[in-house]
Each structure stands twice: as C-alpha cells, then as structure tokens.
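Look for subunit A in each of the two complexes below; its partner is subunit B in the first and subunit C in the second.
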Partner chain A sequence: MRVPWRTTLLSYTFLAPALILLAVFTFYPLLYGSYLGFTEYNGARFAQGLDPRWVGTANFEKLLADPLFLTALKNSVKYLLVVPALQLAALAVAVLVNKQLPGMAIFRAGYYVPVVTSVSLAAVMWEWVFNREGTLNWLLRSLGLTSPEAQFGWLNSEAWAFWAVMLVTFWRGFGYYMVLYLAGLQTIPEELEEAAVLDGASAWQRFWKITVPLMRPTILLCTLLSTIAALRVLEEVLVLTNGGPLNSTYTALMYVYAKAFQGFDFDYGLASAAGLVVAAVALILSFVNFKLFNRPEEDQA
Partner chain B sequence: MSLTAATPARAAGRTLAWRKPAAVVLRYALLILILVFALFPFVWTLAIALTDKTAGTSIYAFPQSLFPARVTIHNFVDVFRSFALGKALWNSVVITGLTVAGTLLISALAAYPLARFRFPGRGLIFGAILATLVLPSETTFIVNTLTLKKLGLLGTHWGVVIPTIAGAFGIFLMRQAFVSVPVALLEAARLDGASELTILTRIMLPLTKPSLAALGIFTTVTTWNAYFWPMLVLSGAPDKAPLAVAVLKLKGQFNYDPFNIAAGAIIMMLPVLIVFLAAQRLFLRGMEGAVK
Partner chain C sequence: MKRALSILTLSLGMTALSSASAQTTVTFWTWYLSPKFDNYIKTTIAAFEKANPGIKVQWFDKQDSMVQDFIASVNLGNAPDVVNLNIDETQKAAQNGFLLAASDLTPPATLQRTFYGQSLKNFTSGGKVFAYPWYGWLNEGVLLYNPDLLKKAGLTRAPRSTSEMLNYAKTIKDKTGAYGWVPALKDPNTASFLGYFYAEGLPIYAADGKAAFNTAQHAALLNQFVTLYRGGYIPEDAVRREAFQLATELYAQNRVAMIVGGPQALTRIKDTNPGLYAKTVVTEAPVGRANVQTGGSMGLVIPKASKNPEAAAKLAAFFTNNANQLAFAKVVPIVPTTLGAQTSVQFKVTSQDPVAKATGLVGASGRFINPGYRAPGNSDDLYKNFNDNIEAALLGKKTAQQALNDSVTYWNANMKK
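The block that comes next holds the complex of A and B.
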C-alpha cells in the first residue's frame, strides 16, 4: 500500500523537533564521545578551535597505567555489593507490604519518599547522621556497641566512607525496587499461596519455592537496572565525599567527570576513553546478569 | 494498640498461619522500623529547621534536637535573606517549568505520528528512540557540554533544559496513550474536516490527560531534584543555579549554619513532597506499569 506523501510530510513535521534534539544531544554525543576516546583532545585544543587528533589506543594505555583509574574501577566493581543487598531487601519489603492489612498504603508511600529526594538533600541530611556527633554514633553508643571515645565521622574515615555512601544509595533505592516487585507480586495467583499454606509450607519455604521462582522476570529486570546504576554511581560520591578520603570512594564515573571538568587542563579524550571502559563493563555485566537470571524453565526442575 | 486489637477478629475467618496475632505484630514492628529508616532524615531535618537557634541548642544534642524546645520559622526567613535562596528557588521554578512544558510538547508531537500513521522510516525511528534507553551514555555529558559551549548556551537555563526535553521515556509513554484512543473518533473528526493538529490538540490530548499528568509529574520531580547536569552547565554562572545546586553551596559555606541549611532543605523538598503525596497513586502505579 502506498503511503500518501502528505502523511509522510506531516509525520516528519511532527517528529522534527524530537528528532533534531535527539540527534544533537543523544546520538551525536554517543558517536562523537566514542570517537573522542581515541583522540587527543583537551581544553586547550578546544579553546584554540583545533580538532581532536587521532591517537589510537593511547588513552586506554594511559588509563591502564593510571593507579587512580584502577582504584576507581575497583571501587565501582566493589560498589556492586549494594545490588544483592538492595534487591533482597526490596523484595522482602515488597512481600511484607503486599498483604491486605490496614496501613499498608502508608508504608508503601513512606518507603518511596527517599526515591523522590534529591541527592543534594540526601547529602545534607545524611551528613548529620554520619557526623562524629551524629545519630549513627549515638545509636551505636546507645546500643552499647561503641564507646564515646571511639567515635569518628563516618564520611571522613578511609575504612568506612565507602560503606556510608553505599548506605545512602541503598536508602534512596530500595523504595523504587520495592514498587517494581510489588507489581510483580500482584501477578502471582493467590490460590497458589493458599494451597502451599494448606500443604503446610512455612513462610520461608513459600518465599523461596513460590515467590522467587515466579518473580524471576522482575528480579532480572531489577537486578539489571540496579547493577548498571551501581556501576554508574557518581552523584552520591560527588556530593557526600568528592571521592575521598584518600580516594577510598573514588568511582569510575567520578574519574570520567574529574578528568573532563576538574584540574588545570580538561582532558576530554582521556575522560571519554574512561567512559567507554565503564560502558563496556556495564554491557558485560548486563550480559552476565541476563545469563544468570534468565535460565530456561527446564533447568529448574 | 488498635492494630493488634483488630487482628483476632480478622483471623477468625481464616486460619492461615501468617494471620496469627504474633505474626502480625512482628510484621508491623518490622514495617515501622523500616519506616523510621526511610523517614528519619526528613523528620530530623524538619525538627532542626524549626528549632530556635538563639536558644543555644546543638543539632547533635540527640535525642533532644528531635523535639525543639522553642519552635520558630525564623530560620526560613533567615535563609531567604542571607543566602539569596529566593533567587535559587526562582531558578528551580524556571528550569522545571521550561523542562516540563518542553517535554510534554515534544513528546506529544513526536508520539502522535508514531502512534497513528504508517509512513516510511517509522519502525526505524521508533527503534532508535527506544534504543536510547539502553545505549551507554557515559560520555554524552562531556560532548553535550562542549556543544552547549559552541552554541553559547553554557551557563544559561536553556542550556540546562534543551538537551533533556526530548527523551525516549516521554515519547514512548505518550505513544502508548495515543494508541489506546479509538480510531473511530479520529475518523469522525477527519470527516468533519478537522486538521491533524486540531485532532491532536482537541481530541488526543484531552483524552490522554492522565498520561500527560503522569509525564508532567515525573518530569517535575526529576528536574526539580536534578543535581549533576545543572551543576555542570551552570558551574560558571552560580547566580543561575537551582536549589538542588544552591543548597549544597550553602553547606560548603565557611560560616555554615545547620539551622538555615535545614530550612533550605525543607524549602527545597516541600514542592516535590506535595506533588508526590497528591499524585501518589499515579506515581506508584506508573512505576508498576513499567514491569507489567
């Protein structure tokens, strides 16, 4: 069937604003950014109007020789530890609020509030919690776990800052995944649960034998989203610790940002190369995730 | 507690193990503990913001600082006067307003032909738009900053807004909404001689108000809260920075006053909290819709 030219013209007129913006601010930067990774391009060259100079894999060799980048990459991979914690907690909490009991709407909404909180506010509020005099130390002291002399600022501690930042990521994320899991839980037929109860299955058994297997597609989606988000963590680090103390919270995307926009000469080429490495790791992890959680049914028997 | 008192009656009908009172009490205890974890920072910040700092209490005098002895709104006035927070608030309103208006306009325009017409290249365009959801975007912020500099938009509100308003999420959401409008309605309008633009504005948009509202709310919350991108674009123009950036600058001030910062934080949080609580059902259902 031939399409009237007027329909085509009209369609493209309506699409034009979106397509132009997407081309300029999404597709072009994806391609050009990838190209920049293989070039020498810095603030000075940009200011003089010089074009990027092709240098092949020189940037990548420089990255591998840079201990800061290796630290950053290691920290980003370590940051993935937040994923299982986040997913298990979110799924468990979703199971808890999924029952028809009074007040559940309040809990669901309350758990979601951190999700709609700006990272700036999280930084302001959590800094008071993590402070030497803050509530975390007060809580530990009250529980008799630490003494007043042994107190320190969590964000200033080389050993603990990393985990403190991760806790904020956890806090901001668990409500989001909880809602996604709730949606998945609602597709599980209630009869299945009730039959299992009649057969004498414990809550624990029902969780692992019914909920988890039936939720596999949702678990795959959430783990995938959260793995990529954890690998790309930047804002929390930027606002809470700025990578410190002693680079203990310096992540890979922090490196991309710092090389491109901090210091004396902005190195767009090197920063782009680092971005490509992060993107490659993200792709590999997504693939692994997919393989891990998307096993065909017969494997389960 | 009324919660526990109500349970035996509920349990009477069924004998499922988890309906037993002890299990219910345990469940609520756990839920309340998690709620404290989720909301404690807000409650404490609110308490600090309302504390009369002239009374000489430390915010760290815990747990007293959670219950201010003398309540005042002076900190809110103070933070407006001494930190020019009103300017930052206005910047947030401008950036968010422009972004929401732009996103709705661009998404609706682009979604209409994708939902309603067959034309050469449609599949390709739709595929390319959806692909942006998964394409690795680690380097885009570098190139976009360079582009804005060349266009002379770096350090302006438009520079913050324009790169963000054409997104796959909005286009996809509106396309799904448009697809569900009955074809018969459009054909009747066409027979009456209505132009496509009239059909879009007079029929499609009014019928898809819930989706427009959802997209508007999502965009409002994300833009209002955005930190990294506005910080980057406006790093050379601090007087144009929105609240999300300004609040952190307050924190970095040499003479930093936690009471004023708490007040600034509450001012920043309030609009989003109101939007979220008012549109909570829409919000949570919208999220759930993402996996169904």
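The block that comes next holds the complex of A and C.
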C-alpha cells in the first residue's frame, strides 16, 4: 500500500523533535568523541584555542603501553562477574515476590530503595559497614568467624576492596532489575502455569520450561543493561576507594574520567580513545549476549 | 522653554546611556566559601563596587566541579573573570596556558609591596606570577592535642620535632589505643608526602629540574612512616582518605590525640564535640630538621578567556589586599598572605579560647607558606604515580627505596617542562 506523502511528512514532523534531540545529544557527541580518539587534544591545545590534531592510532598505542589502563580494563572485565550474580538473584527474587500476598507492595518497594538512594549517601552507609570497626566485622566477630585482631578495613584491603565495591553495585542494581523482571513475569499468561500444574509439573519444571523461555527477551534486556553498567562503573569506585588500594578497584571508566575531567592536564584524545576501547568491549559482549539469549522460538521450546 | 527641556531630556538620556555602556560586569568564582562566608564576600563585593562605580560583580561559589566548570566555561565562551584556585591548580592552569599573568596586569613592584615574596613565588610559573595570593594556611601551623590522651600515654608535653612526633604516635597507640596523629600520606590529587621530604631538608628536584627524591635519606624517612603504618600506628584509612578530614573526624571521637594543621580544624571540633574543644590544647607544631613550615594558599587568577581583564585585576587586587585579608582573618582563622599582616595588632591578642589562640599563633606567619614542592608539568599523572608508589611501600609491595626509585624514573620520563 502506498502511503500518501502528507502522511509521511506528518510522521516525520512528529518524529523531528526527538530526532533533532538525538542528533544533537547522542549522535554528534558519539561521532565527535570517536573522531577525538584519533587526535591529540589536550589542555595546552585547548587553552590556546587550537583544533584537535589528527594522530591516527597513536592514542591507542599509548593506551596499550600504559600499565594503568591495562589494569583498569582488566578490572572492568573482572567486574562483569557481578552480571550473572545480579541477574540470577534479581530473577529469583522477582519470581518469589510475584505473588499477590499481603504486604508484598511494601516488600517490592523496599528492594527499590537502593536504586533511588544517592551514591554519596550509599557510600557513607557502606563505609560504616566495611570499616575496621564497622558492622560487617562486628557481625563476623559476633558469629565467631573472626577475632578482633584479625579484623581489617575491607575497603583498604587489596584482596577484598574490589569485591566490597562490587557488592555495593549489586545492592544498587538489584531492585532495578527485579522490577524489570517483575514486569516481564506479569506478561506470562496464567493459563500456561495452570495447564502445567494440571499436567503435574513441579515448580522447578515450571520455572525452567515456562518462565525462563518466556522471560528470555527480558533476560536479554537486563543482561545487556547490566553488562554495560558494569563496564561503566564509576561512582561507587570514586566515592568508596578512589580506585585503590594499589589500583585494585581502578576501572576503565575511572581512567577515562581521570584523563578527561581531572584538572587542567586533561587529554581528551586519550580519554576518547579509552572510551572507544570500552565501547568496543561492550559491543562484543552485547553480541555474545544476543547469541546466548536471542535464539529463535523453535529452539526455545 | 520647550526646546530647552527637550535638550535637557536628550542630554540626560545620553548620559544615562553612556554610563550604562560604561558599566562592566565582572564574574567572580570562589571555591567552597558559600554559604559559610556569604556575609564577608558580599560585604567585600559591595565595598569594591562602591569604590569602582563602573564595575558590577557577579559572584558564584563553586564546589566539587570548579575545575571542570572552568574548562567548560572557557569552551562555551563565557569564562569567568576572576577565579579562586589553589597553588597547585594555578600552576597546572598556568602551565597549560589558561591564565593571564597577574604580573602583566599589575606592576610587579606593587605585587612585591603587597605580598610576601614566598607567596608570590608559590604562584610563579615560567618567571611570571599567575595569581594574586589570597588566604593561606600552614600545615604545621599549630598542634592541637587532647591533654587527657597525652596524660594517659604518660607524656607531659607536646612533641617538638618530626622524629619526636613519630615516637609519640607509637607511645600513644600502645598506651591508650588511640592514634597519635594522621600524617598526610597520600592525599588525593596532590603528592602530600613530598612535604615531609621538604620539611626534613631533603630535595625534591635536582638543579637541572629532574626529580631527585630517591636518595637513601628519602627512603629512610619514608621507611619510618611505613614501619608505623604496618605496625598499626597510623589509621589504615589514611591511604584512602584526605588526612586532615580523617584526623578532624577521629579527633572529635577521642580516637586521635593530635592534629597538626591550621586552626580551621578547631571550628569543626567546636561544632561536633564542644567538651573536647574546650579542653583542647593549642601550641606550636613540631617542625622537621630543616626548621621550615609547609602550607598552602588560595589565589585569585584571571583566565586568558576573561573579557574584562583590567576590571578583573582590580577586583582580584581588592579582595587580596591587606585590609580585606585581615578582615577575612577575623571571620575565620586563615593566614593572610600580605606583608602588612605580620605587623597587624589583631594577631597579638592573647586568649585562652583555642581558635583565638591558634589564630594568634599562625596569623602573622604567612611568609612560611610553602607547599615544599612545585607542581611538575603533567602533574596529574606524576602525582598519581607517586602516590601509587607510596601506597605500594606502605602496603609492603615494594621497599621504600624501590618505590621512590620507580617514581623518580617515571617522573623523569613523563615530566613536561
């Protein structure tokens, strides 16, 4: 069917504001940022009003030779361990709280509180937990698992700081993904569950044969979002450990942030190149996610 | 008559127009001064506007994002005219070409007549002064201590040297469980440990400008701190948090016996633990073998992108003059950077109140303000590397000598001239 040109024009007129905003705030920065990754554009050039200077792949070579960037990238990739833990926990709890029980609304809202808590407030709270004299050590001591002499500040330990920060990421993201999973669970037709119950399927079988396959699009979305968020983790690290101790929590986004925004010695070229590397890793992982969770319908049955 | 009235109206209109066009608006950015010092800043601005009827001042107080906002405003073409930066940031901004030299806007002789020579030197880069030195502080300005904790540790007087301070830290912890003090081991965005080298008379740079802080004496000094840290005599958070903040917090909880620094800590202790504030003893701080102080200062800089540099220079000079710095010192215990402050009677008043006593002790000591090291070119990278190496030594990953050697090698390979 041929669409009249007036209708086409009207459609584009309605789309125009969104397209303009996208072009200005998304596509232009994306393209310009990518271009900057191949240029020399630092504080000195910027202050003199000089344009970026094309340097080809020099920034990428510099990154590969910088042990700090390699450590940061390694930490960011290691940080992805939070993704399966976060998704499994969020899905499991969503299934559990997807019942119409009294007080469930309060229970669900409680899980969502960390999502809307400011990171600085969360940092103060978690400092109380992780300090040498904090609640975590108190709990472990009360359970007889540690002695007062063996206690340490979790955020000051090279072995534990990374996991401590990751726990905060888990805590902050859990409610958000749980809400998405809850929304996904609401779309599963009740008749399917009822039919499975009549057929004698156990709860475990219903979960694997009905819930998981039908939730696959939601799982894909949540995993993608969570993967990208893990690669971009910055706030928790900045406020809790500032990348330490011994750079054990220094992530790739911290490197980008330090190079782009800290002080007058900034280097937009190098920061953009680092950002492109992180984006490339995110793209590869997104592709893997699609391959894992976006299989054709016939495979899902 | 009608004609005369028309001419009068026209000429009055022209006068109004010309005075409106002669009005210059100067944008002034301070750093972390609002809301606590709103009254002082607004009063000083009003006095400036009264003395300079053609200039209007628009004041903004910036906090966390000061440097980022500065850079963004330069990019957007609406740079402020006067900006409050510290010594380190001024050096970085000057090295990267963001600033106009104060010594090009105000005759150097006037600057020399107004400020301490060392204060001007702190803001000098490439032979030019890049800021009007403003209020300062001394890192070893005063020593505040909790007399109960010292008594419990069997100590009868305050320490008088760095080595005594290190011994006190051990005794106090062993006898009371509280920490002696919190040294600035690796404060963020700077290389604070270099200050200890300077205080002991150890060089940071060689004559040719290369980093030279890795002699056996440097390593021995660092090793003393490493031994204390690894023995649990320094709070482990000192590698993660700014020392002065941490010290002030722990002192108010009776968990640290001494604070070395400016009287500004006292105002916070007064708020959080008035009982402890009342009995806090204020005395002269111990100094290192070189018998020098370290300290910092704020300055007022004029960005190269300022549209009103002359008016901006007037405002910067006004805010930093002797009278206005002394007035500021009455509001908060700062150390003025003006020559006139050393003879000011306001610092000769004796008082038992800790803040007043501390202010009296340090107020006239602006000539000692010296960070102890000059920001190297590419300092953000170099400071991070230095701090990472100090941390590696503290956590036992490297020996003190190895950590300093590695840092010196990195500095000399990456320092921009």
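Operating definition for what follows: the second predicted complex is superposed on the first by the 266 of 301 C-alpha atoms of A that agree within 3 Å, B and C clash if a C-alpha of one lies under 4 Å from a C-alpha of the other, contacts with A are read in each partner's own complex, and residues count from 1 in each chain.
Everything that follows uses one rule, which is that a residue touches a chain if its C-beta (ideal position, glycine included) is under 8 Å from a C-beta of that chain, and two chains touch if they have at least 3 such contacts.
This structure is a prediction, so every number in the text was calculated from the model and none was measured.
Undergrad: In the superposition on subunit A, see if there is space for subunit B and subunit C together, and answer fit or clash.
TA: By the criteria stated at the top, subunit C and subunit B clash after superposition.
Undergrad: Comparing subunit B against subunit C, which has contacts with more of the residues in subunit A?
TA: B
Undergrad: Once the shared chain is lined up, is A:T241 touching subunit B (first), subunit C (second), both, or neither of them?
TA: Second partner only.
Undergrad: With the two structures laid over each other on chain A, which partner does A:F46 touch: subunit B (first), subunit C (second), both, or neither?
TA: both
Undergrad: Given the touch rule stated above, what does A:L155 touch, subunit B (first), subunit C (second), both, or neither?
TA: In the superposition, A:L155 touches subunit C alone.
Undergrad: Taking the superposition on A as described, I'd like to know which of subunit B and subunit C A:A90 touches: first, second, both or neither.
TA: A:A90 contacts neither subunit B nor subunit C.
Undergrad: Touching A:T218, do we find subunit B (first), subunit C (second), both, or neither?
TA: Only subunit B; A:T218 stays clear of subunit C.
Undergrad: Quick one: classify A:L63 as touching subunit B (first), subunit C (second), both or neither.
TA: Neither: A:L63 stays clear of subunit B and subunit C.
Undergrad: Does the superposition put A:F261 against subunit B (first), subunit C (second), both, or neither?
TA: In the superposition, A:F261 contacts both subunit B and subunit C.
Undergrad: Pick out the stretch of subunit B that clashes with subunit C after the overlay, from 21-29, 111-119 or 147-155.
TA: Looking at 21-29, 111-119 or 147-155, the stretch of subunit B that collides with subunit C is 147-155.
Undergrad: Which residues form the common part of the subunit A surface touched by subunit B and by subunit C?
TA: 46, 131, 261
Undergrad: Can you tell me which positions in subunit A touch subunit C when the two form their complex?
TA: Residue positions touching the partner: 42-44, 46-48, 68, 131-132, 152-153, 155-156, 158, 241-242, 244-247, 258, 261-266.
Undergrad: So in the complex, which bits of subunit A are touching subunit B?
TA: So the residues of subunit A in touch with subunit B come to 1, 3, 7-8, 10-12, 14-15, 17-19, 21-22, 24-30, 32-34, 36-37, 46, 93, 96-97, 99, 101-103, 106-114, 116-129, 131, 133-135, 138, 171, 175-176, 179-180, 182-184, 186-187, 194, 197, 202-203, 217-218, 221, 232, 234-235, 238-239, 253, 256-257, 260-261, 268, 271-272, 275-276, 278-280, 282-283.
Undergrad: Using the touch definition up top, name the residues of subunit B that touch subunit A in the complex.
TA: For this pair, the touching residues of subunit B are 3, 6, 16-18, 24, 27-28, 30-31, 34-35, 37-42, 44-45, 48, 58-60, 62-63, 105-107, 109-110, 112-114, 117-120, 122, 125, 128-129, 132, 135-147, 149, 162-166, 171, 196, 221, 224-228, 232, 235, 243-245, 247-248, 251, 258, 261-262, 265, 268-269, 272-273, 276-277, 280, 283-284, 287-292.
Undergrad: If we count contacts the way the header does, which residues on subunit C are in touch with subunit A in the complex?
TA: It is residues 67-68, 71, 74-75, 89, 92-93, 95-98, 188-189, 236-237, 239-240, 304, 378-381, 384, 388, 391-392, 395, 397 of subunit C that touch subunit A.
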